[in-house]
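Several structures are given next for inspection.
Look for subunit A in each of the two complexes below; its partner is subunit B in the first and subunit C in the second.
Showing the complex of A and B:
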């Protein structure tokens, strides 16, 4: 292994994705073949030691973004740059050295993220074995070091996962993610299946580790309160597209995108909440133009015709909306009463959405749970 | 970057040895658990006894197993008043049933154990590959299995016997290759499910190769049914061998196995039931021993069953 690789200076962000798209081919043959645009045109940056919260409802493609960034599958379009290297098409040894070793993942469900047939010490050692790091004794001490780092007893190495509680297992998952000393962790709903008290412990642990090790996180979640608390910046996704990226506080106090305003208003009293119309459309047949227009309180004709591009609205903020900042919090509540009479969309998909045509088995290898 | 120390990489040679000792420790642990369970201990002892008897059959026989004494045909067991001191009687050709069982056990055990193990290995490998590469290879292998399912084995057996002549080695090879579909069909969907679990994704994001993922993560999770199929097929194969001997494939006289003894004696069941029943008892003990071993092996492989039980007195 090149001993210099850790001293290479990277001044830019740890990760930069631009125009990222991931489409899945679904069933059907020839012309009837359908394409699920799980992610389309997503551009984001994560700075060193920064937490970027990625929020969105189920089916918005946030898990797919995480899995595409970590190169579980190659992106359909766009580029991913990690630690200054283009990893969009990396494969084989390059992929292993540039990505697998330096970027890792923490999973939602601690009961499926550990192999029940492997002792925890073995599970923790695996990344070291794969990357040929250290000898047996060094690996053992590294495992012990990691267990202590995440607040577990070193004797845990001899246990099997099913002997541990959910919180303990999640700590093991974090230790495994950290053992090759990565610079970026993709955390996919790491607290969603834990008890509230355990949730807080895991969130604190992740925060402490960030301070200690200078880690960057892509924190994927649907928990708005949590994302505001832990993120430096937040990216909002809807139906596979990025709606807005903004510093966490700014997003929740003065959102620019109507969808961000909807999310931010959920923190407020019931009467000030902005409730969008209808249901999230099927990702198999997204609306024309802006994907949010069918539910947007301020949608007009332009929204159906033109896809709003993600553009910089202020330093560190970008938004994909033709009318950014128009829908405001609080005062907005009054004007929200949707008055869609003047709007005529010719091709609005039925709001009584048909059952989501995403057969679980037909997307190979994604593990997409949402 | 921050200053935390990374373990330094060493020569690749250093990585192989601990992996080997670990898998050795793991198999010792599994065997230990088998031995610790009553059924496991019983089945191991029973198989050991059967193997010992088969190995030292030449020393234990009371008569020559192949010599035909035409003056003593169809003699009942000596404790039923039979003449000539045959412990389990004689068959219609006057051969000592007891001695033939001891010697016939040898071939039956070899056929049952080796064929079942080879089939399990082939079936497990193909099933893992079919489940992991489910789109192309999986589709291909499973359609192949469907086709094979439609072809009667007897037809293939007769064709092969005509083509290559009878022979026990050929029979075992054919049986070993024929049986893979059972295993592959059984595990292919579990493989497909397991490969989507997060721990497999975790291994892949850590850089593990497909071989590593298959061997260390997926295989242990689908091994339970394979062990059970393996242990039950030991008995089935012993019987299949005897029915194929009739087709001219497999064991031919003067060689014999428990299966061929059973098949021969069926014809004279009313004259000398002992010549059929006692080889049957022999096959039954092999079957029972392997089934019990399979059960306790499967349980021993599953740390969820054994390790919790060790630590939680309420679960034992």
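Showing the complex of A and C:
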């Protein structure tokens, strides 16, 4: 993806969540009944045409945030404002009209999120039917338009999901998300099940679509290199709480929260890495005070007693830490991986044939345009 | 032990599997070797053959798989192993750590029971008590706190990172000479990943155990592997010392793969590789990467699909004829020739 970092408009965010919480009641009866605080007091904003990367380890609550924002889960507390409307308690027709048409989701696994018995054309038409958009002819042309937009041949409409490669299926997933003309896409690990070279194709496609359609993305991922590559801003979650939000480059070069520093250091050579002690505690029994303190290299008494609130540290940056900026990255280490050198060829004289296009017969399924 | 320094050697190994659609070539003419005490990473995308190569070494391929060429472990051909010999080879000599620690352990058996079983399979003379002591020691060795209690736990009571340590301990109680790891950190979180990789490197350094890792993420594995073997479409594209291969690739595929990964030019467009790898059902003539290669010339169609040493670069081999053309005639010094 290619976020053009200068032209993003920050006036009027497309989505604003304040104090968002989602608690799940777990097993047990009466007093022994436990509550899992999957998301606890998360506030964030996504600007129009902006990509907000949401990173965290498994169990950090990043997926629950995405699902609560699109109202697949009703929030336990807090408010969600989308396109200027409060959608926290919307239901029925309002929910469909205000939320589900204008905000869509791209899932991690394109193989299980498509119905194997439905032709791709039907799968793409379904959202239009649900939202009563257009007549049969208009729907058909809209499907064709979408297929073309995501770089697939229009003949794909007659195929079944299992005839497609993983990359092609994710293109269908994206087309289905786009067909109702949304302003925000929640992408939950959209490339995690794809190979590096195919991931690059999908990421570039998402970037092109953002520029063309002015889309905003909430990009949920555990892949730090990827989130840095594509995000304008990044929000870091740990055990259901936001640790820090910052512009992507700033987060990876000058992190303020110790947990962000840990994550950012994973980009660097081994000797410069900050590997935290132990493992992420169970979200059923989070530590008192700061949730990261049990693994934090700079934790002290205050951290066990007081919950650090998310505070603005600089314009566009907030951090929830009693000692922000104390744990620093080793600045001697490069924060960006080095480029591989050019290849040198030794065949003389060059018998270079003009590059020919990839022969269509060399791939089992044709129809993917590159 | 034999006098060869290589603990593992694959020589022109091919693996074919009959399917309704024809024969699927999972490995095509794969040759590489691993020296005793090394950490070697087999890197490639899905379908590149990296896992198949590991399974072939352990003789764990699906029934009906046709294997050609030879695989030598400790100088001994593993193809004729049968029955008791094969079991001894799998329990003592070469051990495997799989990607998903949840599926590698029996959910209904305690961790202690599984570790002692593993130890006694490797050394039947070991008493139950001795095996349990060994299991406890090994858990401590891989960094499990309070090993005594953990021996009585069941897999579901333990986190993913801990579980992967336990799976590694289960392999180590057999004191194998070869540890094969198939994507050992892919199912884990990034901070846990770093811990497991550090553990593997420590074990390699302290116990002298040889480690072969299959991975799809060059950047994650880069700083623990001594050498990289880059695989594509069931073949080896190039091999060499990790730092050198990452900084100066000698095969267009390696370079494209590195450039397609995010993290090198933040905010810029990623350099995707057009098209897709060939299907294992396809008959490939010449270089398997040629169809997607921006440096393709007419000679690529007849390139022998095998790596050749690169003159002036000890330890490095490439299958790209355009890289190796001037340095060594393809027919002369070819390991597989």
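Keep this in mind: the second predicted complex is superposed on the first by the 319 of 370 C-alpha atoms of A that agree within 3 Å, B and C clash if a C-alpha of one lies under 4 Å from a C-alpha of the other, contacts with A are read in each partner's own complex, and residues count from 1 in each chain.
Criterion: contacts are C-beta pairs under 8 Å (C-beta built on N, C-alpha and C of every residue); 3 or more make two chains touch, one makes a residue touch a chain.
None of these values were measured; they are calculated from a predicted model.
Shared-chain residue A:133: touches subunit B; no touch with subunit C. Look at A:214: by the touch rule set out above, it reaches subunit B but stays clear of subunit C.
Applying the stated contact rule after C-alpha superposition, one finds that A:195 touches subunit C and leaves subunit B untouched.
In the superposition on chain A, contact of A:225 is made with subunit C only, not with subunit B. Residues 1, 364 of subunit A contact both subunit B in one complex and subunit C in the other.
Those residues of subunit C that touch subunit A in the shared complex are 45-46, 159-162, 189-192, 194-195, 198, 216-217, 219, 223-224, 246-252, 254-276, 278-279, 281-282, 291-292, 294-299, 320-327. Subunit A meets subunit B in the complex at residues 1, 6-7, 67, 70, 72, 95-96, 100-101, 103-105, 107-109, 112-119, 122-123, 126-136, 138-139, 142, 159-160, 162-163, 173, 176, 180-181, 183, 212-214, 364-365, 367. Subunit A contributes residues 1-3, 5, 57-58, 165, 167, 195-201, 203-204, 207, 222-226, 228-230, 248-249, 252, 262-263, 266-267, 269-270, 273, 275-276, 279-280, 336-341, 343-348, 350-353, 355-356, 358-359, 362-364, 368, 370 to its touches with subunit C in the complex. Contacts from subunit B toward subunit A in the complex involve residues 1-2, 4, 6-10, 12, 14-15, 17-19, 22, 134-135, 195-199, 201-209, 212, 216-217, 220-221, 301-304, 307-308, 311.
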